[in-house]
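Next up: some structures, all given as structure tokens.
Next, two complexes with chain A in common: one pairs it with chain B, the other with chain C.
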Partner chain A sequence: MNPFIPAHEIAAAVRAGEVSAVALAEAALARIEALDPTLNAFTDVTAARARAQAAAVDAAVARGADPGPLAGVPFAVKNLFDIDGLTTRAGSKINRDRAPAGEDATLIRRLDAAGAVLLGGLNMGEYAYDFTGENAHDGACRNPHDPARMTGGSSSGSGAATAAGLAPISLGSDTNGSIRVPASLCGVFGLKPTYGRLSRAGSFPFCDSLDHLGPFARTARDLALAYDAMQGPDAGDPACRPPSSEPVVGALARGLDGLRVATLGGWFAKNLTSEAADALARTAAALGAAGEVELDGVEAGRAAAFVITNVESSRFHLDRMRTRIDDFDPDTRDRFLAGALLPGGWYVRAQQVRRWWAERFATVFTDVDVLIAPATPSPAPAIGQRTLELDGAELLLRPNLGLFTQPVSCAGLPVVCAPVARAGELPIGVQLIAAPWREDLCVRAAHALEDASVAVARRRQRL
Partner chain B sequence: MSEAWDPDAWIDAMAQVVGFDVTEEQRPGVRTFLEIAKGMAEQLESVDLPDDALAPAPVFTPEPRS
Partner chain C sequence: MALDEATVARIARLARIEVDDDRLPGLAAELSNILGWVEQLGEVDTENVEPLRAVMPIPSRKRDDVVTDGDRQDDVLKNAPDAHDGFYVVPRVVE
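== the complex of A and B ==
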């Protein structure tokens, strides 16, 4: 069984009775057993649950019931999602002392209702404060395209699992780039929806003002299918206030028709390796980008995200810092400690600047539907690498992998990260950004890039 | 403020207020991130916000004001 078959083809075959969901689940579990010792993408494998869910899907097909739009599609989730019966570790050692979750996170329940089959929980950077995929407690997650390289983070296992054909759909979280960075470095599609679109109920928070949840997939259609299955309001998340459920799968067929596309310049055109610059140029050509749009104030927008994240997350973990600081990952510990020491005025100013920045960004969308921007400054660095050379300067790697993603999520905008590397090269992605609540435009642009053979979730032949 | 900035003095003062100790092992990292945060705060000050840029409501929505 080809492990790289897209989710929509899996679902169609299961719905037609051509393949059993149980056989698919068994194949996925066997593949995890074979490859995960190398990749370290999974922290929990829910084999018994997967078999039971898959059997229920097959039973529904056998009795002529609708098994759902994602019938039999295996999926896995970053381990900050509650999974009934498992402890939600959020990449940490400390959380392992918590009681097991009593029910699934909302988004898992919605995928479950759509017929998808949960395979387990995925590795991540501690408490999601990470762009690398390294983790002192669970070990580094490794890039399927080169296991000596980073996956990116913090949704490291999500990027790796979907890139390696372990799970055609996975879920992650994105506060400053934690879906888009691993999607870029692992070469898959990732969607960070509009802030407030998808419910975060039943997920372990990082920074409430900026946390988003979203899917990874190997095709734009799969991304859209998973996203559509998870939409809808939820009283369990006060920030989840979508205008309405707005399915996007139907929009894919419209292609580029009428789409006004431009490339973001200025901040987003600097600090790029040649691979990242080439990715942008090829994307702009394929989408017929009309030119460059330059925004002032990007540095301030990024700074707002930095300060809000640092202060909110440190306050959230303050009791854990007071009592169990030695149990933190050394790579997150000092950032959390520093964040607890910042003046309140900095935080209030950051929230004001965030509003200013979001309004400024939104004005662009009167003339443009989709903006193209780099997702990461470079392809995947080596595991253990601490600095990144960009435009001749040596910069700290950890904060700067999110150089281009952080200002966009600060404004709450929907973004698809699409994989656009050339064949034979390491993956790299681009961001396709639209106005608030216009996820449909992002997935249309991603699908158009696929049609042009520019966006491809390539597989590594050895896998 | 910049010339008088002493991150170690800030760490010592604020850590006591917040209720934890910063060990010698932790201090270089904390200092680094404090200095990065201070640079970010200076970026925030560079924005010319009008007086009616109110402190935001607890729930953020990304729509522009109409």
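== the complex of A and C ==
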């Protein structure tokens, strides 16, 4: 069975009774067993649960019931999502001492209800504070396109599992770029919805005011299907207050019709490798971008994201730092500590700058529907690499992989990261950004790029 | 702006976080970094900018004004040491 069949085709075949969900689950489990020793994407495989869920889907089909729009579609989740019966480790050593979760996270329950079949939990950067995909406790997650390279993080396993054909749908979280960076480096689609759109109930947080959850997929339609299945208010997440559930699958057919597209200039046009610049240019051409929009103050918007991240995450982890600092990943330990020492006034100031920045960003959308921006400054760096050469300067790699994602999530805007590398080259993505609550526009633009054969989740020949 | 280790040690003490001496250089570097971000925040005029509570407006949650948990007199009275005619029986407090 071809492991790269899109989720929507899997679901159609399962609903028509042409393929059994159990056979699909078995194939996915066998593939994980064969490839995961190389990729290190999975930290838990829920094989028994997958078989039971798949059997339930097949039984529903057999009795003529509707098993849901994602019938039999295998999926996996970043290990900060609660999975009933498993300990939610959130990439850390410390959390392994916690009791197992007593129920699934809301988004898992919603995918379940749509007929999808959970395969397990995925590797991630410790406490989601990571752009590389390296993890001191579980080992680095490896890029399916070249296992010597990074997946990007912190949703490293999500990017790798979907890129390698281990799970056509996966879930991740994005605080400063943790869905978009691995989607870009692994060559798959990723959606970071509007802040407050998808419920975070039953997930281990990083920074409450910046945390988003969202899906990864190999096609724009699959991304839309998974996203639609997860929408809806949830009392379990106080920030989850979408104006209404707004399914986007139906919008895909509208293509580019009437979409006003522009490219973000200035900050977003600098510090790019030739591959990233080429990706932008081809995306702009395919979407008929009318020109460049330049925003001032991007640095301040990004600085606000940094300070807010520092303060909120350190406050959240303070007790763990006081009692178990040596069990933190050495790469983030000092950053967590530093965040605990910042004066409150800086945080308030950062939130003010954030409002200022979000309001400036919002003004652009009176004339433009979709903005194009780079997702990462370069394709995947080598595992262990510490610096990145951009525009002739050598910069620290860890913070700068998020150079282009961080200012966008700080404003809470919906973004699809679409894979636009040329055939035979390492993956790289672009961000397709829309006004708050307009995920439909991001997904339409991604689908149009796919139709133009510019966005493709390519598979590596050997996988 | 760079912070020296003595300053960092003092800040850590004020925050009631124990930091070993060998961790001070790394911590000083991280804090100096953050000072850089704060300087950038200072370049924006926030004189007339309202503080931000949530980046997307969060309307307050409303529930339907209906009884969801009531009419359970028998269950409630099980908590009582004594009950009579659907009421709690308590010791006489006023003579």
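We adopt the following convention: the second predicted complex is superposed on the first by the 463 of 463 C-alpha atoms of A that agree within 3 Å, B and C clash if a C-alpha of one lies under 4 Å from a C-alpha of the other, contacts with A are read in each partner's own complex, and residues count from 1 in each chain.
Note that a residue touches a chain if its C-beta (ideal position, glycine included) is under 8 Å from a C-beta of that chain, and two chains touch if they have at least 3 such contacts.
Predicted model only: the values in this text are computed from it and were never measured.
Engineer: Fit or clash for chain B plus chain C once both are placed on chain A?
Structural biologist: clash
Engineer: Now for A:337: first (chain B), second (chain C), both, or neither, which partner does it touch?
Structural biologist: both
Engineer: Quick one: classify A:306 as touching chain B (first), chain C (second), both or neither.
Structural biologist: So A:306 meets both chain B and chain C here.
Engineer: Taking the superposition as given, does A:202 touch the first partner, chain B, the second, chain C, both, or neither?
Structural biologist: A:202 contacts neither chain B nor chain C.
Engineer: Between chain B and chain C, whom does A:235 touch in the aligned arrangement: first, second, both, or neither?
Structural biologist: Second partner only.
Engineer: Counting only touches as set out at the top, which of chain B and chain C does A:362 meet: first, second, both, neither?
Structural biologist: In the superposed model, A:362 contacts chain B only, not chain C.
Engineer: Between chain B (first) and chain C (second), which does A:72 come into contact with in this model arrangement: first, second, both, or neither?
Structural biologist: In the superposition, A:72 touches no partner, neither chain B nor chain C.
Engineer: Per the contact definition in the header, classify A:349: touching chain B only (first), chain C only (second), both, or neither.
Structural biologist: It touches chain B and chain C both.
Engineer: Which chain A residues lie in the overlap of the chain B contact set and the chain C contact set?
Structural biologist: Of chain A, residues 194-196, 209, 238-239, 241, 297, 299-300, 302-304, 306-307, 310, 318, 321-322, 333-335, 337-342, 346, 348-356, 358, 411-412, 436 contact chain B in one complex and chain C in the other.
Engineer: Please name which positions on chain A make contact with chain B in the complex.
Structural biologist: 194-196, 209, 238-239, 241, 297, 299-300, 302-304, 306-307, 310, 318, 321-322, 325, 330, 333-335, 337-343, 346, 348-356, 358-359, 362-363, 399, 411-413, 436
Engineer: For chain A, which residues are in contact with chain C within the complex?
Structural biologist: 194-196, 209, 235, 238-239, 241, 297, 299-300, 302-304, 306-307, 310, 318, 321-322, 333-335, 337-342, 346, 348-358, 410-412, 436
Engineer: Can you list the residues on chain B that touch chain A in the complex?
Structural biologist: Touch list, chain B to chain A: 10-11, 14-15, 18-20, 22, 26, 29-30, 32-34, 36-37, 39-41, 43-47, 49, 53-56, 59-65.
Engineer: Provide the residue numbers of chain C that touch chain A in the complex, in ascending order.
Structural biologist: The contact residues of chain C facing chain A are 8, 11-12, 14-19, 23, 26-27, 29-31, 33-34, 36-38, 40-44, 46, 49-59, 61.
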